[in-house]
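Just so it is clear, A, B, C and D label the chains in written order, and each chain counts residues from 1 on its own.
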Amino acid sequence: MTNKLWNKGHIFDKEIEKFTVGEDYLLDYKLIKYDLYGSIAHTMMLLKINILNKTEYAKLKKGLKNILQLDKKKKFKIALEDEDVHTAVENFLVGKIGIAGKKIHTGRSRNDQVSLDLKLYTKDALLEIETAVLNLCEEMIAFAGKYENTPMPGYTHMQKAMPSSIGLWMCSFIESLLDDLELVKVAYEQNDQNPLGSAAGYGTSIELDREFTTELLGFKKVQNNVLYVQNSRGKIELSVLSALNQVMQTIGKLSTDLLLFTMSEFDYFSLPEELCTGSSIMPQKKNCDCLELLKAKSAMIFGYLMQVNSIISNLPSGYSRNFQLIKKPLFEGIEMALESIDITALVVKNLVVYEDKLASSCTNEIFAAEKAYEFVKKGIPFREAYKNVAEKIGKMEDSDVNKTILSMKTIGNTGNLGLNKLAEKIKKEKKLVLYQDNCFKKKIKNLLK
Amino acid sequence: MTNKLWNKGHIFDKEIEKFTVGEDYLLDYKLIKYDLYGSIAHTMMLLKINILNKTEYAKLKKGLKNILQLDKKKKFKIALEDEDVHTAVENFLVGKIGIAGKKIHTGRSRNDQVSLDLKLYTKDALLEIETAVLNLCEEMIAFAGKYENTPMPGYTHMQKAMPSSIGLWMCSFIESLLDDLELVKVAYEQNDQNPLGSAAGYGTSIELDREFTTELLGFKKVQNNVLYVQNSRGKIELSVLSALNQVMQTIGKLSTDLLLFTMSEFDYFSLPEELCTGSSIMPQKKNCDCLELLKAKSAMIFGYLMQVNSIISNLPSGYSRNFQLIKKPLFEGIEMALESIDITALVVKNLVVYEDKLASSCTNEIFAAEKAYEFVKKGIPFREAYKNVAEKIGKMEDSDVNKTILSMKTIGNTGNLGLNKLAEKIKKEKKLVLYQDNCFKKKIKNLLK
Amino acid sequence: MTNKLWNKGHIFDKEIEKFTVGEDYLLDYKLIKYDLYGSIAHTMMLLKINILNKTEYAKLKKGLKNILQLDKKKKFKIALEDEDVHTAVENFLVGKIGIAGKKIHTGRSRNDQVSLDLKLYTKDALLEIETAVLNLCEEMIAFAGKYENTPMPGYTHMQKAMPSSIGLWMCSFIESLLDDLELVKVAYEQNDQNPLGSAAGYGTSIELDREFTTELLGFKKVQNNVLYVQNSRGKIELSVLSALNQVMQTIGKLSTDLLLFTMSEFDYFSLPEELCTGSSIMPQKKNCDCLELLKAKSAMIFGYLMQVNSIISNLPSGYSRNFQLIKKPLFEGIEMALESIDITALVVKNLVVYEDKLASSCTNEIFAAEKAYEFVKKGIPFREAYKNVAEKIGKMEDSDVNKTILSMKTIGNTGNLGLNKLAEKIKKEKKLVLYQDNCFKKKIKNLLK
Amino acid sequence: MTNKLWNKGHIFDKEIEKFTVGEDYLLDYKLIKYDLYGSIAHTMMLLKINILNKTEYAKLKKGLKNILQLDKKKKFKIALEDEDVHTAVENFLVGKIGIAGKKIHTGRSRNDQVSLDLKLYTKDALLEIETAVLNLCEEMIAFAGKYENTPMPGYTHMQKAMPSSIGLWMCSFIESLLDDLELVKVAYEQNDQNPLGSAAGYGTSIELDREFTTELLGFKKVQNNVLYVQNSRGKIELSVLSALNQVMQTIGKLSTDLLLFTMSEFDYFSLPEELCTGSSIMPQKKNCDCLELLKAKSAMIFGYLMQVNSIISNLPSGYSRNFQLIKKPLFEGIEMALESIDITALVVKNLVVYEDKLASSCTNEIFAAEKAYEFVKKGIPFREAYKNVAEKIGKMEDSDVNKTILSMKTIGNTGNLGLNKLAEKIKKEKKLVLYQDNCFKKKIKNLLK
């Protein structure tokens, strides 16, 4: 006897089985509930088009809900020999309810099942990501509000350049995240298409009601072309990981700034002891390991993106087993991003600010451009004003940094950051995510009735 | 004497000059006109806020339009010693119109200038890309319409799997491109923000009217936070290259299919001789080099994406000279994508189809799943039907492939492709791009009045 | 109470602990035995330089060997709170043997410990990789010998080009692997340096005898500069993964060829049923999933390489916590490569050859270049001979493919493959690996006496 | 009339010509001389095996030397219509010397020609790279010698950690470069194989004397298997770029350190004004742009490596046009690395050291581990000593940093750097490179006699 759906009686080489299944039977634990949601919807549709009768339908639904209960208690097992969650579920059903179980695969293939599971998993995950990004924005805006007009040197080329403020600095990350969020939202849109009914990429002659399952599962639309369902494998994951990579780039930049500004040579900020680690050999050390790891994780994410891109590169049309390896970088990328966003929020929330040090670091020379502008306001051409000031560097009068940063009133500058608008934008986005999340949850709830 | 805006009299090492300028003075030829548009808008704004008087303004505008004329005739030169287009323009103006030229840099930095130039360049380029993608879609839909119901074996795992059609196959690429287009559109949105007025990333105390230049240059909005203007360097380019990478992935898949299906072992399609090359040693060869290069170019694009990502990774806030190296992968990526999309349209337009060979390749065994469904329609559970058919492979009756593909009526399958809807979608998208393009052109025209 | 070596009494945030430890405490199970080897050598050295007395030494050695026994039975546990194997070991020793346990960290840091553990792990792994590569070569040479003169069309541009042989084709992979092996050997050399004694990258004032531990652990030399020990983190892993990537490129090419040549349109080769999988929906399918996964895994390896490269890019000198994330791509890359090499050997061993199909596919036109050479031998300039033949394509007489491939006697061509030389080379390399492996094992055995 | 070697009379689409030729006809200027060396060797061999008579040989050699002269004066042109250097040369010869020109392509293909050209180009380039790396090492060792015992804080986790020295710091880069050099040398070895005589990857029936051309061109050996010659395309380039990437990683780390340590907050080092640039808006700025660009270029190199890897991934055996796109990343990677190594040497040579600032930054707390070791020397277990010291941080007596760094006598630490050994190693390596370079030059000289 065999667990394989496709087995026709021959012996399957054990080494090849281990190699082809790989970590799939373990990774698929993350997909169990989504696989069951999909199977319930598929079953309801098979009833509607009369492939199943009511008794069969009832048995199947009961069986599927049974597995859902088991999974909640972490008691549903996928064996290596099962290969994947889809097979484990079908085998369980056949074992429990007999003949009706053998009907559940009608009109579908594991190819469209895994595609469906991944889309539902990703939907859930992206809603979580969006929520986490917006929570991070909220921590940031609270911080920016608190230190809106605290002076801080602005750097270019890793050298002090101009007078600036914590408000400007922190808000730059908020605006970055809000732009990144747009990319997450597009990935969400691309993912929000129902693949079910495409079977192995070439449909079936059974007239499946794809709009019905789309409605049941809460997708925005049917993913139309049945071959494109397979050909989009990896591409949608690429959109997701590209968006996460951008979020991580933003986080990586903040971490880079903080690793610099918490050095004793700067001492602009610190992390409280409970967020720091020490050294096994140097008693005095207090290290911001979490910031270093945020940077390293941003490097990892791009690697996942790259893996997905390479896996799908130059594959011909139609399902390829190569797709199987996409799961792991997708799962790990999503989890790593989510965890990193949350840790960043924790960091921002706990960041200690040394206002005196920041102010005293706004040394004389960084007002040079402003000095040149004073000449400009008197009618001297900028390039000449620049040269005048250049000759007097080191001999300039001191400037009042607090006054300077307040006086910079151009849109988006220290004296005109637009904090309120940002706060409103964040609020609006949160509302939207919450709405989408509720819709999805309601659909699932109805499905399980 | 020196060309450098920042020179204060010392000698600049020649090797370092060559190293730091690199290819920049050559790459910047692509930016001249955009730099001039930006300078005209900036000049108009300086007039509005009374930094320039009318005479100075008139002189500057004349000088800038003069350079625009020179550039059209390819006569405006950027010397290595100039470092970049911005310096070349300021030097030209100072030489031609004297003191007014020295005022043009008021309230801006080369940092926001290059950011502006790149955004205008990218805007233009993305409109071209979108148009090219939609033209390719049109070639594809004409092709799909012509061969909508031509049978073709569907493959999975690089093995014949199911009966299918050219219509289904070609439409899968159209749907892929339309999804890719959404990513191009988001990149367009992210790029459509005016950086001007952010100066070196920390603004100036001069109250620049950023909304006025935004209006003049036709941007959708001000890129608000002046530091984020710098911090977004590379990130927007990443969005652009990610979108192009997705387009190239779609093209790469089509090329992979075609390289396979034009092999003499398949003989499903061929390219006409005028699109093929030969061998210097084998007289019989007729090679589809253009398809091979499309695949290779899709590999190159991801490399550009990766370069941009690595360049910006873990940089602290504010301008870094590292950004300079982003230009080349951006330019090369955009040009390579544009050229590849056009060549793909040429390939689709000229593709020769061998309908007989395609039909005769729909051999008996690929109807096995359909045979199983015939049992299912008689009430036999799918898994049993599957096993029955599996035992009879090789002994099945022949099927009528034309009938089969027409009978597959599920949404998105061979008998129900939705060609009309696709055609409408393409039309709608084209209208939108044309509208955006016209708006942009009108703004530029007004600017040059 | 706390498990941390560095704790000075404050509370450590639970989320940060989870984030910073990450998967490290799990990954470190792979390092336990190497950590113990290192600790034993370190302990012997501390005795030699009189930091430990004989009693302390005996206790420590007993404790360490105790852990080694536990680990063999999978009973030594590393808790998340321990952070890593080094801490778990020290805590165990302190618990078991008291004060002597508190001395074991003298003169070292977890920074040089993890570096040591990874070097020993990698040494072992590379010897396994080299052995596996050479086993694969042996399978290939057996195959190449058996089918040395079996005709096979040679392809260029994915089109039939010239008459060729299985011997030539298979030997091309052997020569590729032998070149790849040179890269593995260099990585082995780079890895074969003892980091112990470098402490946290800045040594200690205690005069450690680094040459003694180098001798004990069987390293080729001391990794001299104590800072370079830290700065080489990731770089040696890059060498390893670059070499593995090259091996996987060779395997990827073989898999690509086989996926093509096992298509029914070619039917040159097949895999026996026990190495193939089927479809859950199409009863007729017999898929070479293992070949598809070999290709996909070759894509994954480059991703790991890329992750390591990105993680270490632009880090300043000295240990960074970023390094921690290098472990996972290193471990996964090595395991994936090893498994893939073994599966490839299994594939080659079981490959079914259809000699008739291969011979009949050497169709007339692929002899065109040879026809031209017949003219050349009569004194006609090649370019004219080429043109003559080009005009007669389709009208050429049939050629004897068996005769043709035997007649190609130039070095490295079908009639002169040099199989014996290859076989000798493989034998010599195997001897070398075996020798190195024995030396290493002997050192470890002595250590545990 | 047509320039193409393979043209049989039909018209070639202009767009496809432009697309397929791409930048090749421009890039090939770098290959002209190598193509001519190869053609001369090939011609000599054709004379030896009696395909050419002495008159034809003399004419061809004269023609080829003629082109070499033209190329020296930059007067030999490759037209887009020629496609590549090989065709341009053959067309020139046929035009100049008639019928003998039509014989030169006997027994070879553009496939093995380009492979040969690239191998000769790469050989030359790697000798240059090795020389440049060793020159950089010499600058570094001079610097390390001068400041061998200058104190400098050692950092871990971007925090001051331990007392250290400039000698240790700078020598860490030398040891890194010497390890990198081993990778360059392996790439050199892999490249040092003669591909000539493999024709299009399947040889010819003409018995070419491959050992003779190997001898003439100074290769170490014949690249044996004629198919492997094609299959190694990209793989050898990968080895080259991997080695260069490692060199650039070392340079990137030095640049990262210097960008940090030249910040005004550190002020450990500076670059003289003639190596720095300024800002167009901020009169006071003095930026180390060259260091920023070194980092960015190290990011670019990995992109080139990645492009080559992606281009060749999953190509079937035999020549593919995809290979054409390998040239550009190879050329650009080599040139970028060479230039970066030279600039780094210039930076090291000109680096200004602020010894007082370095010494005064060795603040009290970084001696904590050493304080613990003082207890250890008195017999207190390390872990207890660590805890004792931890409690007294801030209250420790001052230490003498100069004494401390001299007292660290363990191999590879500040008091025992092994500068002499390093110097000897560099000298030995330089001798070897010089020897190889002379051998190669001699071979070429003989060829041109």
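The rule we apply is simple: a residue touches a chain if its C-beta (ideal position, glycine included) is under 8 Å from a C-beta of that chain, and two chains touch if they have at least 3 such contacts.
These numbers come from a predicted model, not from an experiment.
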Completion exercise
Common contacts of chain B and chain D, by label, are A, C
Practice task
Could you see whether C-D or A-D has the larger number of C-beta contact pairs?
Solution key: C-D
Practice task
Find the geometric centre of each of chain A and chain C from their Cα atoms only, then give the gap between the two centres in Å, rounded to an integer.
Solution key: 32
Fill in the blank from the handout: Note: chain D sits from chain A at a C-alpha centroid distance in Å of 38
Completion exercise
Note: chain D sits from chain C at a C-alpha centroid distance in Å of 24
Handout entry: chain B: positions in contact with at least two other chains
Key = 5, 8, 105, 111, 156-158, 161-162, 199-200, 204, 260, 279, 281-283, 285, 287, 289, 292, 295, 299, 302, 306, 310, 313-314, 320-321, 369, 387, 390
Exercise for the section: Note which residues of chain B are touching chain A in the complex, please. Expected result: 5, 8, 51, 90, 94, 99-107, 111, 154-158, 161-164, 168-169, 171-176, 179, 182-183, 186, 189-190, 197-208, 210-211, 222-232, 235, 238-239, 242, 245-246, 249-250, 252-253, 255-257, 260, 295, 298-299, 302, 306, 309, 312-321, 369-370, 373, 376-377, 381-384, 387, 390-391, 404, 407-414, 417-418
Handout entry: Residue ranges of chain D in contact with chain B within the complex
Key = 4-8, 10-13, 15-16, 19-20, 22, 86-87, 105, 108-111, 199-200, 204, 273-275, 277-283, 285, 287, 289-290, 292-293, 295-297, 299-300, 302-304, 306-307, 310-311, 313, 320-322, 324-325, 329, 339, 342-343, 346
Exercise for the section: Using the touch definition up top, name the residues of chain A that touch chain D in the complex. Expected result: 156-162, 259-260, 262-266, 279, 281-289, 292, 306, 310, 313-314, 361, 365-366, 368-369, 371-372, 386-387, 389-390, 393
